[in-house]
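One chain, chain A, appears in both complexes that follow, with chain B as partner in the first and chain C in the second.
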Partner chain A sequence: MLAPEPVIVRRRDTRAVLLVTGLLLLAAGSALAVWASGTTVLVTLVRMLVLVAGILAAIAGLGRLARAARGKPVDVVFWLAMAWLVLILGAAALAPWLPLGNHDDSVAGLTAPIFAPPGGLGADHPLGTNNYGLDVLARAVFGARTSILVALLAVLIGTVVGGLVGMVSGFVRGTTDRVVGVLSNALLAVPPLILLIALGTVLDPSIRSIAFALSLLTIPSMVRLARANTITVAQREYVLAARALGANRMRLLLREVLPNVVLPVLSLAVVMISVLVVAEASLSFLGIGIEQPTPTWGNMIAEGQGGVMEENPFIVVVPGICLFLTVFSFNLLGERAQKRWDPRSAKL
Partner chain B sequence: MSTPLLEVVDLRTVFHTTRGDVRAVDGVSFSLMAGETLGLVGESGSGKSVLGRSVMGLITNGATTTVSGQVLLEGTDVHALKPSARRKLWGPAVAMVFQDPMTSLNPVKRVGTHLTETLRRHLRCSRSEATERAVDLLRQVGIPEPARRLAQYPHELSGGMRQRVVIATALACDPRLLIADEPTTALDVTVQKQILDLLGSLVAERNMAMLLVSHDLGAVAGRTDRVQVMYAGRTVESGETRPVFAAPEHPYTEALLASIPQLSHPPHTVLRAIEGNPPDMARPPAGCRFAPRCGRVGEDCTDVLPMLSVVLGPSQREGRREVACHHPVLTDPVLTEELGHGR
Partner chain C sequence: MGWEISSVARRFLLPVLELLAVLFLVSLGVFLLLSLVPGDPAVAVLGEGRTPAEYDALREQLGLNDPLMTRYADWLGGVLNGDLGTSLVPPQTAVLDRIASALPVSLELAVLGLVMALAMALPLAMWSAYHQGGRADRAIGAVTFALLSMPSFLIGLILIAVLVNSLGIFPRNEWVRPGDGLAGNLSHAFLPALTIALMEAAMFTRILRNDLVTTLHEDFILAARARGMSPLRVMVSDALRPSSFSLVTVLGLSIGRLVGSTVIVEYLFALPGMGKLVIDAANQGNYPVVQGAVLVIAVIYVGSNALIDRSYGLLDPRTRRARA
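For the complex of A and B:
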């Protein structure tokens, strides 16, 4: 006879306890974070640690509140990340219609104060101004517009081109496959930053050409992923069965293979977005990406060079945080998608 | 006699591999009339499935494969056609039911899509007509609530139901010839019977010809008109099903039949398995392919490859019987007696 399985007894927090502790943690955490960000009592390093601790406590508090509301554990970090993505994508999409300050007209900026400190909500410049008197909040939002547009465009090109080339080469095999393999390996062998700098010297620094240059980074890995998935799918019996019913190669590829390959490719694409947001920022930081006065997070961070950051940290902190949160959120989303759609774990 | 629907003449399929040429099918001939069912039996690796696929033209001449001989489907040589013309045959003229219903349906496509896509491509009918026909097909293969099933995905159905869907897709364009490649191997025993009964009744209703490829002698015995026993890519015996199974001429057929456990056997009877394995088809033995495993092997067996020839003997009375053996079981009484004494 089988022994009864040991039941793990876990103290179940009641809803009321969760609610109270959650609220307390949230309040204490946010208070700590706000205090740490404004105080001048502590050394910068300690201030930062206290700030992070406060934020973590607030997130833990939110988690408890969410658990109290839903009755089961909730991945708060993931949902906060998604909220950020919705916020930043929405703001970027609607930027021209939002009541924002001056983001790129340096002539108009002559009349505005330069390096105005962040004034908070309701002030003329909620996140301050830069050395041309341009509004940092407006620049961060319009920067999101360029950064995300470039990354999305590049991923779109990379996914469509790389995915199709990979699928065809994995399906046709033979010489085509070998040629594609050599080309994609050659692209992978060139260090990405060097490739980008080389391209940056040749191409004019417009959104379109930066997107094209960045898409070259995604194509080889997309080709590999699509090709590998196509090879496994093409060996499945249902492809043979469809062939035995008279389907031609085009139809086999589009109707049998493509629907099975599209999910893993898309989940890699989401991860790629965050990689490319960083890549675009690096290029613009180095001055070979989008040029001033058009804002991107990369060239905004670059404005902090030459002692500016020591005097006015918000110049760097605002785009830095935007960059960090966006990349972090896209990564979480991508990981989720890959976990869900990875062909290795899918039971087909 | 009318012309046969399918005539296979000296079909050979050779795969060129790094180990050398593998002769998966090595000179097989048969013919099949409309409404007739032929069983292809043999153990794993005897070339049955490759034969089925070569007959259909799914395996054809290519960089790594050579197919020679003729496959005449309604008078046209399948292997001489251009690929696009051959594809036109697949569906309306010949269709295939595959072994494993778990893998022969695309997991991301609905049941209905599998059916309507084929229908619309071959019959060029509208979406609503195709749906109507799909419902009708699912009803014909005995699927309850056919209209609801169309919207379901393959994983929502049981193995038997999925195999019925596979059969329905194969039948979508009313093929004259159905090749069933181990259609019941992946199924439960009770479901096996249902599927075989279904195939039998569909063949009778539609006056189709069916090639039933199976290693399951029981599946073949009850539902085929004629049977062809394969060993190592060659036909070793062929004839009408009942007499072949009642009184096998080839030692391999006899051994296969003897290896089936019987209900009448007392418990703990040792199963009479056939010793050894089928030969390596890249290096087949000289002489009879079955000689190394045969209980009736003579001196000539290891030197001379026996040809398939009509048997003149006791089994001749019940239809035409062909066997490829130097010492057939029934018609070589001398050796039979010698062996009998030896036992």
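For the complex of A and C:
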């Protein structure tokens, strides 16, 4: 899907044709999607299929428009994903200053309607309210703040610690390397979610400790990647040359090895962000992560259990879509980064 | 002579020693971690409002007053004799019994999910690789990429919304043990297993397709085709085996993810497996159960990965020779 398509210039693909068909597809697709999301005529399965078909048609239309404007094929999905990332990261960063409803004060929520359906733009509750009368849009935005903050913190810790340990271990080799290997294998010996649940038994459910627990998931793979790259780099001639010129180990590590290890490690870090967003969501969904009333996408989705989802689908749909789009976008970005900077491990 | 002994030791002894070291570290980690649980286990067992003497007697009985290392040695000694301790929360049965009744459920789900995933991934990957760059290939690529961005609980919720609530096809929230009728068991296990399978299938399809595409450019494939073998025959008998290296590696890694999604699916569908056992115990601060379950899961996980490491020789004779 993500490989560049072969450019086949057909005669009928003139700019005017592209513009018209693109506009038509975009309009028809969006109309179909909007109708499908609002209608009650169809069963859920058909509705979902129609909705997806509409969205795909709209994206295809957008693609044609972009191609008409640029004169060559454009990867619209990638740019849409990046636009979503900018939007959600911006909203998450600015959440306290945005004109949003009540996201976590359940006392004030007493006066608000419960399970109000989404009212659309301009309404009091554009995406409805939950069982405490809290505004779903506000919770989705503040949920993004928690989810992304936790994931970024964890990736930061994991990248710095794992990257450094891996570099040193791959550069020094010998006993240090073996000890580091056994330690990181021990961390890998417990399946990630089980490790998180075990940690969740002990740690208090604050953002800091969840981020710490999640960072333990990233460290072993970071160590492995940094170590493997360091070992190949350390054998290169320029490192030998620097050593011959009298550079000490510290200088070799920082000036010769580090610059060559940083890019693959960073591209893994981007992939890790999406893994951690999912891990945090899973943990909160299971009720072990961040607790109510602080919103995260995971515990918002968990609110849909026990018959709530059937009556009020938006309770699950809103955080579900946010989660999916964010993970999808980070995956896409990570895949691009790995293809460019770490082609060996870009397997997926 | 000395060199030969040391190379034998290097090949067989060191991996085993490392495996043991890893398992030892895991057991130590699990024990130390859960001895840090906030709150007093004695209060967890007896409830609040008893006299300090009663709590103290129980603490003495549970051995909580001993030094940490003594307790670890006791626990490890018990573990090696097949005794994982007793549950703190009623019913106060042996942890081993709890695990013995939960493990088959999880294993069935995981194995069923894995089989379903492979059953979906093999034909899809072959189809996709054969029509490389075509419409089907790109569609399969897009769908699998989207699936990979979907957490398993989201997939499960969508399946429930569509198949259970809307179409009413599958039962939800019950578990029938295989002993009480295989048909009932399978119909209850199908939806949870499908939830687990979809994500893995997406991963497997992508990996296998990429390797197949590389293999299909090799000379021996051309030779087989030139001899007039049908595309399907070439795919299955010539291309599949040399292309399954990355798949097998990913299979090893995916067992960890499989455990994770099994936990979530058990929670979602309220099935009495290991996941539910661990989550309930974690929520109740029932640390002997968490310790025992995590240890058992880790041993199974490490063991299956070690087995997968050995399976490369079956796939490619060259690695067999390199190793022997």
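Operating definition for what follows: the second predicted complex is superposed on the first by the 330 of 348 C-alpha atoms of A that agree within 3 Å, B and C clash if a C-alpha of one lies under 4 Å from a C-alpha of the other, contacts with A are read in each partner's own complex, and residues count from 1 in each chain.
In this text, contacts are C-beta pairs under 8 Å (C-beta built on N, C-alpha and C of every residue); 3 or more make two chains touch, one makes a residue touch a chain.
Since we're looking at a predicted model, the values are computed, not measured.
The partner that reaches more residues of chain A, of the two candidates chain B and chain C, is C. When the two complexes are overlaid on their common chain A, residue A:238 makes contact with chain B while staying clear of chain C.
By the touch criterion defined above, A:324 lies against chain C but remains apart from chain B after alignment on the C-alpha atoms of chain A. Within the superposed three-chain model, A:256 lies in touch with chain B and out of touch with chain C [touch as defined at top].
When the two complexes are overlaid on their common chain A, residue A:197 makes contact with chain C while staying clear of chain B. Once chain A of one complex is fitted onto chain A of the other, the partner contacts of A:247 are limited to chain B, with no touch recorded for chain C. Look at A:175: by the touch rule set out above, it reaches neither chain B nor chain C.
Common to the chain B and chain C interfaces on chain A are residues 348. Taken together, the chain B residues at the contact with chain A in this complex read 56, 58, 84, 87-91, 95-96, 98-100, 103-109, 117-118, 121-122, 166, 169-170, 172-173. Interface residues of chain C facing chain A in the complex, by the touch rule stated above, are 18, 21-23, 25-26, 29-30, 33-34, 36-38, 133, 138-139, 141-142, 145-146, 148-154, 157-158, 160-162, 165-167, 203, 206-207, 210, 246, 250, 255-257, 259-260, 263-264, 267, 278-279, 281-283, 285, 287, 290, 294, 297-298, 301-302.
Across the complex, chain C is touched by residues 1-3, 5-6, 43-45, 48, 181-183, 185-186, 188-194, 197-202, 204, 274, 278, 281-282, 285-288, 301, 304, 309-310, 313, 316, 320, 323-324, 327-328, 331-332, 347-348 of chain A. Against chain B, the residues of chain A that register as touching in their complex are 236-248, 251, 255-256, 259-260, 348.
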